[in-house]
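Both complexes shown next keep chain A, but they swap its partner, so chain B is in the first and chain C is in the second.
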Partner chain A sequence: MKKYLLIITDEFQRHLAYRANITAYSIGHIIDVSAQVIIWSVIFSQVSIIKGYTLTEMMTYVVFGWFFQHASSNYNFEERVARDIERGTLSSLLIKPISYLRYITACAIGRVGFAFATVWGIAVILLLLMHDRLIFNFNPIILLIILIMVVIGFFIKLLFSLIIGLFAIWVVEISGTYFSLNIIAKFLSGAMFPIALLPSFFINLTLLFPFAYTLFVPLQLYLGKISIYQGVIGVGVELVWLIILYGIVKLIWHFGLKKYESVGI
Partner chain B sequence: MKLLAIKRFFRKIKRIMIILGIAMRSRLMYRLTHRFSFFLTVVGIFLQMAITVVFFKAIYGFTVQISGWQYHEALIVVASYMIIEGFMWATVGYLNGVSEAIFEGKLDQFLVKPIDAQFLASVNRADPEDWARVVTALYLLFQVVPMLHLTLLQAFINGALYLVLLFAGFSIIYSFALIIRSIGFWTTDAFGIWALIDNTLTAARFPTDIFSNKAVRIFFSTIVPLTFLATVPAKVLIHGLNFQLIISAILVALVFFLLSRKFWLFGLSRYTSSSS
Partner chain C sequence: MKFPKEFKKYLILIKTAWLRQLVYRTTIYAYRFGNIFDILFQMAIWMAVYKSTEVVYGYTYHQMLTYIMISWLINFFISNFGVEDTIARNIQNGELSIYLVRPLSYLKAITAFSIGRASMSIISGAIMQIGVIAVFHNHVLPPSSIWAIVEIIFIVLISYFVRLELSMLLGMLALWIIEISGILHISNVIIRLLSGGYAPLSLLPAAVYQACLFFPFAYIIFLPTQLYLGKISLLQGFYGILIELAWLAVLYVIIKIVWRKGLRQYEAVGI
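Showing the complex of A and B:
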């Protein structure tokens, strides 16, 4: 366990080395959220309710949705896994007394930990600027369920990344795969816009996939649009998906290692 | 003497075009070595456009116009942005190659060649699959332009001006990206800066008239001139000749291009060739 803690710390510190990146990311996030806030404000200047959302609810969706998204992001770890396979660096990791899958998980935790720390800073600025336009829900049970959902959501996204990344053992180049699948995942999670704006059959369809539970469902719970009971069911669905994805990763890893050719070393 | 200078200029342009052609052909060959990935990227691009259209359709289901823009007019802005974005990816790979070259010290190989290093660093990472972006945007454009009910002459004039303004938009976005990427000369790892470009440009997918705040409007017309990327070309295509807009767009494009060139050269003087 100690060695993985070291990997987490190392990943965190590695990102600290590039402070300009942090600044750029932060400014970019502020611009991104501000643009969305302005766009929705303009739309809501002409209508008071859109599919059950008021302006305040939509602002809350945008700001907190952005926060949840970055707190559970996989930060393109599929690319990292694929690179390890393509360049053969996986071989050097395989001979070390660590599990590669755990190593990647530790790196991802370090990465998201760093992002989380950065995002908090921006979140505080946004909350100060927009406090009168946001809904604050301090129900401890709801907050706990959301926290669980976001944490499981992070692991779901990570396992999804691992599945895509490990496909590099067979196809080498996976950029097209993760580009397309990430668009679908982002759309289904409700990160692009609330999926509540879409027809109901589509919403029901998205609830079959795990992505809506990483952002859309926690936000619905936060906004009080679904009950605590429905939130708990959401956690259950997430857990089922987590187990399924974990099984798939293990299966791919098992067969992938047999196929792995250690090219590039 | 003048004639000789013109000849030399055209010879240089011809040379640049030949190199651009070779760079794009070799990138296409490289990308096609992984056909499955290439195909999936194209699918992803189609999906991206479809989702954007679905989003606009969803919000216009609740209102007839947003800041004076009707549904089909807003789609022209979307299509215009996608054309420029598509060209940025397909010809210069959004200057990803510049960041990579600085970070990995690969810029040396461009500096020693008898061709402008900025040009070579720009075109070496073109993403040919992004021509799909241009094609889908053109398809969208041809679907909505008939809704403008332009006469043949209007369509011709507005269309010609639209092309000029798209080129100006491309020039602005290229220059803006180059300035941001050149920061990498000081910071080495400039990949995070990509997030800044990406997030900033997201706003250009919408008509910039929605930014009613005066300070925000000035910001998006001068410091980060998003207005001139897609909104101005779309306005000219819809409403026709507008000297003020056209001249402003061309001037902003020129100023940004010269600024970016100066900044690139300034940055280049600080290049340390790390990890090369």
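Showing the complex of A and C:
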């Protein structure tokens, strides 16, 4: 355990070198959220309810949705895994007395540390700026369930990124693939807009995938659109997905290593 | 056809960049696949919105869908797919030094490179987007007039170079600030937003909208879509072209100045 803790702090410190850069990304986030707020405000100036969403609910969805999305984000970790494979760096990691999968998980955790702190910073700014336009829900049980969902969500997204990254063993250049998969995953999670706006067929479809449980479902719980009981079931579904994805990663890793050619060395 | 020698070397650069792109065919297709979803999701949002209302800020359902389709198409035509990253990388890695000792102008070389590199993506993007429009032709309005199309083609051609100039300026920032991927990220979000790439600029508060017209961004995507939808007259479109040409010239001068100052600053780190 201790060696992985070292990797986490190591990776955290390495990313402190990019403080200014990460902060610059954060400013981009604020603009991104502001753009969504403006567009929805304009739309809601013409109508009061869209598919059961009022303006304050939509604003809450945008701001908290942004927060959940980034609190559970691994910032394209698949690129790191793919790079390890493309450049052959993986070989030097394989001969070290650590498991690569655990090593890379520790890296991912350390890597998001600083970004996570800035996400909290921005969240506070957004909440202060928009406090009179948001819904606040202080029910401790709901907040606890949401916390659990977002934490599991981090690991679900991480496993998903590992799966995509490990594809690089078979397909060396995969930037286009993860670009596409990330858009689909983002949509399925509800980060682009509330899935509730879609016809019910699509809503049911997205609930079959793990992504909705990292963002859309916790937000529905926060907004009181689903009951605590349904929230707990959501956590259960998330756990099942976590296990399935873990199994897939293990399987891909098992077969991938036999295929690994260590190109680029 | 005989080209002057000066021109020929850049033609070779265009060709090499194009050939290099061909290696990444599958990757490019994969990107297009993602774009299709991006477009479909954007359509889905507006479809849901228009279930509850008829008109949003003067845009009917069909006008909004047309706006999205046409703005995506134009976006593909004018995109240089991250030339700012290439320039920044050349500076960060010190590769710029190699270019500087060659008998060609770096700025011209990077322009040639961007044309060659982007053409494959532009072609695939345009074909894909025309396909998407064909599938949803019931939701998309025809252009307001033939002359509007002629003006739009002019605008899009200029827009490619205005966008390229903006990318060059962003990339050159790396001469002063070495690690700039964060800044590039914000700038691209802002440029896309202010050029009307996400939603019509007229949705913005009136003051912001007016301010947008003072910047070159609005002329890149927003202006041609307005012409297409017939929301502005051909004469207004013509004025728009003149303003865009003026921006093209202004940005060119700025680039020249920044480049001169920047080269003195260049430290060739990373060599």
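The definition used in the following text is that the second predicted complex is superposed on the first by the 265 of 265 C-alpha atoms of A that agree within 3 Å, B and C clash if a C-alpha of one lies under 4 Å from a C-alpha of the other, contacts with A are read in each partner's own complex, and residues count from 1 in each chain.
The criterion applied here is as follows: contacts are C-beta pairs under 8 Å (C-beta built on N, C-alpha and C of every residue); 3 or more make two chains touch, one makes a residue touch a chain.
Since the structure is predicted, the reported quantities are computational estimates derived from the model, not experimental observations.
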item: Chain A as common anchor, with chain B and chain C clashing or fitting; value: clash
item: Partner chain in contact with A:Q46 - chain B first, chain C second, else both or neither; value: both
item: First (chain B), second (chain C), both or neither touched by A:I22; value: both
item: Which superposed partner A:F255 touches (first chain B, second chain C, both, neither); value: neither
item: Touching partner for A:W120 - first (chain B), second (chain C), both, neither; value: neither
item: Partner chain in contact with A:V172 - chain B first, chain C second, else both or neither; value: first
item: Interface residues of chain A shared between complexes with chain B and chain C; value: 18, 20-22, 24-25, 27-28, 31-32, 35, 38-39, 42-43, 46-47, 50, 171, 173-177, 179-180, 183-184, 187, 192-193, 197-198
item: In the complex with chain A, residue positions of chain B that touch it; value: 33-34, 36-44, 47-48, 51, 54-55, 58-59, 62-63, 66-67, 129, 183, 186-193, 195-200, 202-203, 206, 210-213, 216
item: Complex contacts: residues of chain C adjacent to chain A; value: 24, 26-31, 33-34, 37-38, 41, 44-45, 48-49, 51-53, 55-57, 179-183, 185-186, 189-190, 193, 198-199, 203-205
item: Chain A to chain B touching residues, read off their complex; value: 18, 20-22, 24-25, 27-29, 31-32, 35, 38-39, 42-43, 46-47, 50, 171-177, 179-180, 183-184, 187, 192-193, 197-198
item: Residues of chain A touching chain C in the complex; value: 18, 20-25, 27-28, 31-32, 35, 38-39, 42-43, 46-47, 49-51, 171, 173-177, 179-184, 187, 192-193, 197-198
